[in-house]
Every structure is written in C-alpha cells, then in structure tokens.
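You will see two complexes here that share chain A, one where it goes with chain B and one where it goes with chain C.
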Partner chain A sequence: MMLLFYLAGAVALISTVSVIISTNVVHALVYLIISLLAVAVIFFVLGAPFAAMLEAIVYAGAIMVLFLFVMMMLNLGQATEDEEKAWLRPQLWVGPGLLILVLLTQLVNVLVTQQVDVVPVEVGVRELSVLLFGPWLLAVELASMLLLAGLIAAYHLAKK
Partner chain B sequence: MVWDVGSPLSIGAILFTVIIVAAMLIWVERRLLGLWQERLGPNRVGPFGLLQVVADMIKIFAKEDWVPPFADKFSFILAPPIIMIVILMSFTVIPFAPGVGVIDSDIGVLFVLAMASLGAYSVMLGGLASNNKYALLGSLRAAAQMVSYEVFMGISLLGVVALTGSFNLREIVIAQSDGWYIIPQFIGFLIFMIAGIAESHRLPFDIPEAEQEIVAGYHTEYSGMKFGMFFVGEYLGVVLISSLLVVLFFGGWLGPAFLPPIVWFLLKTAFFIAFFILLRAAIPRPRYDQLMTYGWLFLLPLSLLNLMITGAFVLWQEGAI
Partner chain C sequence: MPSIPYEHGLILAAILFVCGLIGVLTRRNIVFILMSLEIMLNACGLAFVVGSARWGHADGQIMFLMILTLAAAEVAVGLGLIIQMYRRFHTVDISVLSEMKG
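Coming up: the complex of A and B.
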C-alpha cells in the first residue's frame, strides 16, 4: 500500500508540473485529468474509497469534460502554442523556483523530524453518510443552497 | 480453491470470454440484422459465416495504420485505447456468478459510473485530435450527449442502491433473491437502458457518428487497428450495458436450479445484447436537439421522481415515516 501511495503521489506531481509547462492546451488538460486520477488513487490508499470515486466521477469525469468541451469550440491552433511558448521564458522560473525551494526544505524538515505512524482506516460509504447527514447536515444544506444559486445564475446568463 | 473471485484463472477466463464475445458480436449483429430485415447477412466464410470475424480481424490488422500529418499525434494515438481500457476495467466489478468475478468491491456501482464518465474522453480526444470538421462535430455531439446521459444513468441506479442499501453489485444480486428489481424499479430500468444506449452511442443514439450527416463522426480519420479499437470498444460497451442490466434489474445469476448460475447470467445477457441489436434494426435516429430535450426535460425529472418515491418507500418500510 505504501508503494502504491508514493507511486500515485509521484504521478500526481509529475503530471501537475506537466500541466504548467505544457504549451499545448489539450495536452495540459490530459495531464490535469491524469493528475486528478492519481489523487483519486491516493484517496483510495488512504482509506477513503467513496472520496476516490467521487474525485474520478465529478472532477476527472464531469468537470474536465466540460473544460475539454469549451476547448473544442475555441479553435486553438499553432498560434496559441507559439504564444504560450513566448510567455513561458526560462528566466521566469528563477523567482518561483527559489520560493519553492524554501517550501521544499521546510516540507522535508517536517517529514524528517516528525515521525508519525499513521495507519489508514477505511471509512465506508455508510459511515461517511451518517456523518454527513447527522452532525454536518447544516453544512451539507448550505453547500447545496450555494450550488442552487450557481445553477440559477448560470441559467440566467445562458438566457441572455 | 482455484476458482475464486480474483484468482488468476478467473481473471483470465473473464477477460478472454469478454473479448471473444465482443469480437463475435461483429458477426452476430450482422446476421441478426439480416434476419430481422429479411436478408441473409454474411454467410460465406466458414459454417454460417462464422469465420467472418477472423476475416475482418485479418483485414483490420493488415490495413495501413495512418496518422494524418495535420493531426495532433499525442492525443490521436492516446484516444482509441482509452475506451477499450475503461470498459474492460468496468468488467472487474461485475459479479458473473457466485465465486466468479475479478474483485468484490463495496463501491462497484460508483466504479462503473466513474469508468463510464472517463470513456467520454476517448471520443472527445479522438475527434479533437483529428483536426477535421466532421470529426470535431461528431465529438462535440458525443461530449454533450455522454455528459447529459451520465447524469440520468447515475440517478436511475440510485433506486436500486437505496433498495439494497449497498453499492456492492454482488450484494445487489443477492438482495434480489426474493424478487427481481425489474418490478419495483421498472422506471429506473427504462431510464438506465436508454441512458446506456446513449452512453455506448449505439443506434438509435449514434448521433456522434451518424454516417448520413457527418461521414463517420469522431473516427473519420482513423484506420487500421486504431479504428478497430473504437469498433470493438463499442461492442464491449454493449456487452457491459447488457450485463449491468442483468445484474441490477434481472437478478444476475439467479434462476431456477436446473441450469448452473453462470449459464443463467450468460443467457440473460445474450437476450439483452440481441435486444440492443433489434433496437438498431427497428428505431430511426432522433435529431440531436430532440435527444438533448428528451433527456433534460423528460428523463431527468422522471428519474428524480423515481428516486424520491423509492426513498420514501424504503423509509416507510423501515418505519421511519
């Protein structure tokens, strides 16, 4: 399980970096989908199969499809790719790279000094639902209201 | 025990059977269509034309596997295997019979839905990478159709899940030993079947590849085995939807004891495969906007209503209302 976790983590990291440095928009999207699927595998290994499946269905399966759908209608060609290449100059990476280095040393420091043996406990669908519709019912209802507001706003914009 | 859920023998046998059945459908479909349209169909190669499959396979392997120079090579090559892999992955959670299956997962239903939603990428990337107007039109239609029908597909299944109280497909079959879900969930069955045809973009819902309007839709530029993968992927989709219908609504392997369970499963699945082919022969293709209106304005409210009534029924049975 540990090996699977690190493997999925490595895939997620590499594909996320590829999303940023890829100049072709469609390729970047494909890498983003792979990254989301890798995160789903991580959730699964950590003992949250329901969250893993929702990650795959909602993010990788539905939201990214809509991204790709919009991309299809934009008719992006070689011109956009050249533009992206011009924007991503190598000297741009110096500042962010240094800042990331600071964060990385901190992260490594935390990982080395804090020895926490976490044993993943699998949380089934039933336990999760009992929590969601028991103590957290108010939060669920508020989130659904927010989604409804978004839906109505989208309907209004589409009618214009 | 060699024959068990997840044993290498079991996995190998399931993979082999599924792929052989999907390949044989090339012949079965054409013969059955011939029967229903009062003509013969392919009957020249071998007994009853059975070797037609072999002839087609040789032809498809020997064809030039061409990548158009104007296509986006990365996505163009990536697209066809996605549909094959995704649908074969879905078969892992299908319970074929007691002790026959690949994994016994507690999130089986969700896994199938996740794989179905990833299947849309195959069609979308294929059409987009082809850099061809017909292919783009086809994959735009496919994207809209698959995203919309996924919604009702998921909601129509939830009635069954609520009655069983589990996402595990094996438990869903066992819960049907005192009565198949086709009776309490008839509306769910109808919606799931319609959504299933739309998901596997079979006729009458083959709008993404409608030959009469947009050449061959998203796979216009494909040839050789890349086209073959789209082709076999479609048949695999038909087998998958048929076996899901059997598992969810028709009691899976359950049946009178004079036949072994696996035979009942295969017989029921074969019936639905034949039914899908009959639909193809019988029903004309709707227009694109008709399909979308029908889905969002009719199937969505109906599936929500079905879910609500089922939920109320389950609560009433448990004495909560």
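Coming up: the complex of A and C.
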C-alpha cells in the first residue's frame, strides 16, 4: 500500500512537471490525464474509493475531454508550437522558480514538524451520501446552482 | 493495513500546487494557464482527501466533491472564453488581451 502511494506520487509529479514544460498542447493534455489518474490511485490508497472514481470519471474523463474538444475546434498547428518554443526561454523560469522554491521550503518545513501516521479508513459511498444529503444538503444545492451558472455562461460565451 | 505518513501526502499536494503555480506564472499560452489552474485545484483536492484520511472523517471528501464541481464550472467558462478569444484575435497568446480598446 505504501509502495503504491509513493509510486503513484512519483508518477503524478513527473507527469505534472511534463505538463508545465511541454510545448505541444495535446501532449500536455495526455500528461495531465496521467497525472490525474495517478492522483486517483493515491485517493484509492488513502481510503477514498468514491473520490478516486470521481477523479477518474469527472476530471480525467469529462473535463479533459472538454479540453480535447476545444483543442480540436481551435486546430492549433505547428506555428503555435514554434511560438511556444520561442516563449519558453530558460531565463523565464528563474525568477518565479526561485520565489516559489522559497515558499515551498517554508511550507515543507511547517509540514514535516507534524509526524502522524495515517492508517487509511475506507469511507464508502454510503457514509458519504448520508453526509451529502444530511448536513451538507445546502452545499449540494449551491453546487448545482454553480453548475447551472457555469452551463449558461459557457453557452453564452462560446456561441457566435 | 500499513500506515502512510500524513505529512508526505500534504507535501505531495504542496509540490503539485507549486508546479501549477509556476505554470500559471511562466506560460503565455492561455490553454496552458487553464491547465495549470486545473493542476492547482486538483492539488487542493488532494490536500482535502489527505486531511479526510488523517482524521478518519468524510468531510474532506465532501470538500473534494465541491472542488470538483468548481473545477468543472471553471473549465466550462474558461474554455468558452478561450474560444471567444481565438475567434477575435486568432491567437492563444494572452498578451494580446492587455491592449484594450473601445
């Protein structure tokens, strides 16, 4: 179980770094799908099978397919890739990279002080749904309104 | 079931978040910026699920569901904006948006 966690974590890290340094949009999308699936494996290891399934179905399935459809509509060719290569100069990464490294070091320093081992307890769909339609009912309704607003906005923005 | 160090999960989430942040700061292609935002949202969701596993409670997973909803709505609106931008300027470079006229 532990090995699976570190393996999936390494896959997620490598594919995420590949996303942000890649110049081809479709390659980056495929790397992002790999990263999301690796995070889904981590969710499974952490005892959240329902979250893992949703990650695979909604994130890696629906959202990434939406991205792919838009990429097909835009039909970005070789010109965009060359442009992208010209923009990605190494010196561009130095400033943000250093600043963010400082922030990450602080964050990791805070996190390593709490040594707690997690023994994953599986939280199944039943417990989750009881909570969702009990104390969190208002949040579910608000989420549905958010999705409706997103639907209408996307329709309005994307139409000719 | 063998245990997993709690801080390792959070550190992984932090590193993924930072990768997304670097992507947002350095890329000029708006599609890559949207993808980096997805990475950051996903890292937040991972942190919530790790917290949920740490305290053996399902509330973190419910927050993950909310983040999933938010990400779906955000991507739909963002991609609509990208399509509109590509129609008007025929490019995915965000620096064309800095020149506002009219």
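Everything that follows uses one rule, which is that the second predicted complex is superposed on the first by the 145 of 160 C-alpha atoms of A that agree within 3 Å, B and C clash if a C-alpha of one lies under 4 Å from a C-alpha of the other, contacts with A are read in each partner's own complex, and residues count from 1 in each chain.
Note that a residue touches a chain if its C-beta (ideal position, glycine included) is under 8 Å from a C-beta of that chain, and two chains touch if they have at least 3 such contacts.
Here the structure is a predicted model, which means the values were calculated and not measured.
Q: Determine, for the superposed model, which of the two partners chain B and chain C contacts more residues of chain A.
A: C
Q: Contact-wise, after the overlay, does A:63 reach chain B, chain C, both or neither (first, second, both, neither)?
A: So A:63 only meets chain C here.
Q: On the A-aligned overlay, A:102 touches which partner chain: chain B = first, chain C = second, or both, or neither?
A: After superposing on A, A:102 lies clear of both chain B and chain C.
Q: Applying the touch criterion given at the start, work out whether A:117 contacts chain B, chain C, both or neither, answering first, second, both or neither.
A: second
Q: By the touch definition at the top of the document, which applies to A:71: first (chain B), second (chain C), both, or neither?
A: In the superposition, A:71 contacts both chain B and chain C.
Q: Contact-wise, after the overlay, does A:50 reach chain B, chain C, both or neither (first, second, both, neither)?
A: In the superposition, A:50 contacts both chain B and chain C.
Q: Go through the superposed model and pick first if A:26 touches only chain B, second if only chain C, both, or neither.
A: first
Q: Quick check on the superposed pair: does A:125 touch chain B, chain C, both, or neither? Answer first, second, both or neither.
A: First partner only, chain B.
Q: Counting contacts the way the document defines them, which residues of chain A are shared by the two interfaces, the one with chain B and the one with chain C?
A: In chain A, residues 50, 54, 62, 66, 71, 73 are touched by chain B and also by chain C.
Q: In the complex formed with chain C, which residues of chain A make contact?
A: Interface residues on chain A, with respect to chain C: 1-2, 5-6, 9, 12-13, 16-17, 19-20, 25, 28-29, 32, 35-36, 39, 42-43, 45-48, 50-51, 54-55, 58-59, 62-63, 66-67, 70-71, 73-74, 76, 80, 83-84, 87-88, 92-93, 96-97, 100, 103-104, 107-108, 111-112, 114-121, 123, 127-128, 131-132, 136, 139, 143, 146-147, 149-151, 153-158, 160.
Q: Which part of chain B faces chain A closely enough to touch in the complex?
A: Residues 72, 74-75, 78, 106-107, 110-111, 113-114, 116-118, 120-121, 124-125, 127-129, 136, 139-140, 143-144, 146-147, 150, 154, 167 of chain B touch chain A in their complex.
Q: What residues on chain C touch chain A, complex-wise?
A: The touching residues are 1-12, 14-16, 18-23, 25-29, 31-32, 34-36, 38-39, 42, 45-46, 49-50, 52-54, 56-59, 61-62, 64-66, 68-77, 79-84, 86-87, 92-93.
Q: How about chain A: which of its residues touch chain B in the complex?
A: So the residues of chain A in touch with chain B come to 24, 26-27, 30, 33, 49-50, 53-54, 56-57, 60-62, 65-66, 68-69, 71-73, 124-125.
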